[in-house]
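The following pair of complexes shares a single chain, subunit A, combined with subunit B in the former and subunit C in the latter.
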Partner chain A sequence: MANLVMFCILAVVILGSAFMCVMTKSIMRAATFLLFVLFGVAGIYFLLDYTFLGAAQISVYAGGITMMYIFAIQLVSKRTLQNLVERFRGSRVCQGLLISVVGLVTVAVVLIKNQFINQALTVADVEVPMNQIGAALVGSEKYGYVLPFEFISLFLLACIVGAIMIARKEDKK
Partner chain B sequence: MFDFSIVTKWFDALLTQTLGLSSFWSILIECVVVGVLILTAYALIAIALIFMERKVCAYFQCRLGPMRVGPWGIFQVFADVVKMLIKEIFTVDKADKLLYCIAPFLVIVASVGTFSFLPWNKGAHILDFNVGVFMITAISSIGVLGVFLAGWGSNNKYSVISAMRGAVMMISYEMSLGLCLISSVVVTGTMQVSGIVEAQNSAWLIFQNPFVWIAFLIFLISGNAEANRGPFDLAEAESELTAGYHTEYSGMGFGFYYLAEYLNLFVISGIAATVFLGGWMPLHISGLDSFNNVMDLIPGVVWFFGKAFFVVWLLMWVKWTYPRLRIDQILKLEWKYLMPLMLLVLVLITTFEALV
Partner chain C sequence: MIPVSAFLVLSTLLFFLGVFGFVTRRNLVAMLISVELVLNAADMNFAVFNRILFPGQMEGMFFTLFSIGISAAETAVALAIIINVYRNYHSDQVNSIENMKF
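What follows is the complex of A and B.
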């Protein structure tokens, strides 16, 4: 009952903010509404007792990625991205509809075929201990994620080096 | 030692058994009661801190501070609160009204969210996840957005400059703040706030590992920067930016920033007290059992407030002693000195834990 009420509130927040994010004309407002969508998704993770994932969602997406968007918006002129309006064209609407239907069908088939709901009902409704998550992240046996973990850290290092290369001033000789 | 969970269990039993409510209604009532308690404590602590800041500042500058309203000026802050509540709230021309209105709430949400993680007493934790410390850093990162949107939404170039500065500074110092918390997680072996406090039963964290002292000092420095205070207050910078990102706010919009600023100071001090000084855990010296028993007679909430206000006082001392830094000095301090030093300290702490 309580879960259902919370889910409905979160669903309204997520859908409403997502809709406003797409419909608003101001780019800064769009970023703010995106922030609320990300909060709503984090709330759903908390509802499912995935507290680690929820905390990561807030810290990486809400605190990090949105901040980066806002900085990027700030770096271009205040007038360039304001009040951009695009007319709806028939072909665009059809393409959008087609892609959404394909996505919906894919997700629905995967969900129904794999019986995730029945499996989820058998799992006890508890928080996963942090030690287990940490061991899985750097474990190299089955269901260990050390390879993607290391790969991502290497990738981020490359990104940082690239950013420094772009931002660096040339030495005056 | 008094265990506060007796009270919470009694209240829960009162609702579910004596009054016979279903779990949905009892949880709803408990959440509302806890929420009201948090907000009341938030407001009261803010009032205490504002008064303390005025008096501490005054004595550092050889003044008396507020003396007129009530004995020793203790009702001055209440008068200020009433003034702030009845002020007219206006909006700025050509400003983004929506962002202008949302921004204070983001700041206050981040502040109240981190505030709720503080352990007040044995059994008196409000939020106690298994990812506690990580969650604290996650929620505190929302405050940056509030500061930035305030600057942007005000349609004022000073505010935008100040918001940029504030955001850059807060994002930078989050790095060493997070590394300090990770070092405490390495020593205690848990991320849960109650677990961190329990792990300091034999000795506080700074007595368990000699290198934690350095982490504690770095935490105080970067926490001071994170709370936009002390020598790092160049987001506000009254004399050059006319109060910075909240120049265009009046009434309670400004009040929220003011509240959040002081409460962030308390939250940083409270987290420092919890993670490094043992939270509500009394001073225990392993071996001296009779001494430990005497220390246990002092309630945990007294220990917690004592430590937290001690750290608050340290930070105020720093604020009223040092002049403001420039933005390049601040960023150089973090990226070239504090963060590499903290990485080194983290390695040292881990090595010490592995060897001893």
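What follows is the complex of A and C.
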């Protein structure tokens, strides 16, 4: 019961913030609402007893990515911050609404009508033990993830180097 | 016990709010923020499927973990590109980038 109440609160926070995030005109406000959406999703992870995942979500997404957005917004647009951005054009909003509603109905019907939902198990409220996660993350046996782990570290390095290469000023020869 | 369909409906709504933002907005940063919403919805689905349908395993959790890492990299590169576009075109609207349009 407490889980259900918590879920409802989180759902309202997530959906309200996401709605404001796509509807607000100021980009800075959109980034702030994105932060609330990320916190809400982290709350969902905590609710599912994936505490490690929730902590990673808060530290990487809410801590890192939102900071990056805010820095980029401050670097990019002085105009945008003063609310001089786009006017929502009616036709474009209608187009977007049509696409979203059609897709939403399709996906929702497919998900609800599907039978696999009935296999849902009642899960006890125990969090996944941390030493199990750690052993799986750097294990090389059957359910070990050391290869993707190493790959993602290399990938992050490559992406950061690439981002610096792209964003760097060309030196005038 | 929260029904699975509640989680799925929540993530579907989040996904299509992101799609709506992506179609509607014409600012590069705002479009990227909408893409983040879509990514979060997908991540949430991974975690929910793993936890509620297959609680003994951890594949979905690790996939979400790696997806968070990859989206961090994606944001870094995309923001670098946006800053560069702004430097070259002095605008951050998509309509201003038309050189490769035909």
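Operating definition for what follows: the second predicted complex is superposed on the first by the 116 of 173 C-alpha atoms of A that agree within 3 Å, B and C clash if a C-alpha of one lies under 4 Å from a C-alpha of the other, contacts with A are read in each partner's own complex, and residues count from 1 in each chain.
As a convention for this text, a residue touches a chain if its C-beta (ideal position, glycine included) is under 8 Å from a C-beta of that chain, and two chains touch if they have at least 3 such contacts.
Just so it is clear, the model here is predicted, and its values are computed rather than measured.
By the touch criterion stated above, A:I14 is placed in contact with subunit C alone, subunit B being left untouched.
Contacts of A:L35 after superposition: subunit B is touched, whereas subunit C is not reached.
In the superposition on chain A, A:T51 makes contact with subunit B only, while subunit C stays out of contact range.
By the touch criterion defined above, A:A62 lies against subunit B but remains apart from subunit C after alignment on the C-alpha atoms of chain A. When the shared chain is aligned, subunit B comes close enough to touch A:M130, but subunit C does not. When both complexes are overlaid on chain A, the residue A:A72 reaches subunit C alone and has no touch with subunit B. By the touch criterion defined above, A:L147 lies against neither subunit B nor subunit C after alignment on the C-alpha atoms of chain A.
Subunit A is touched at more residues by one of its partners, and among subunit B and subunit C that partner is C.
Put simply, subunit A uses residues 52, 56, 64 to touch subunit B in one complex and subunit C in the other.
Residue ranges on subunit B touching subunit A, taken from their complex, read 23-24, 27-28, 96, 98-99, 102, 129-131, 134-135, 137-139, 141-142, 144-145, 148-149, 152, 160, 164, 167, 171, 190-192. For subunit C in complex with subunit A, the residues that touch the partner chain are 1-10, 12-21, 23-27, 29-30, 32-34, 36-37, 40, 43-44, 47-48, 51-53, 55, 57-59, 61-62, 64-66, 68-77, 79-84, 86-87, 92-93. Considering their complex, residues 1-2, 26, 28-29, 32, 35, 51-52, 55-56, 58-59, 62-64, 66-67, 70-71, 74, 127, 129-130 of subunit A touch subunit B.
Contact residues on subunit A toward subunit C in their complex (touch as defined above): 3-4, 7, 11, 14-15, 18-19, 21-22, 27, 30-31, 34, 37-38, 41, 44-45, 47-50, 52-53, 56-57, 60-61, 64-65, 68-69, 72-73, 75-77, 80, 85-86, 88, 92-93, 95-97, 99-101, 103-104, 107-108, 111-112, 116-117, 119-123, 128, 132-133, 136-137, 143, 145, 148, 152, 155-156, 159-160, 162-164, 166-167, 169.
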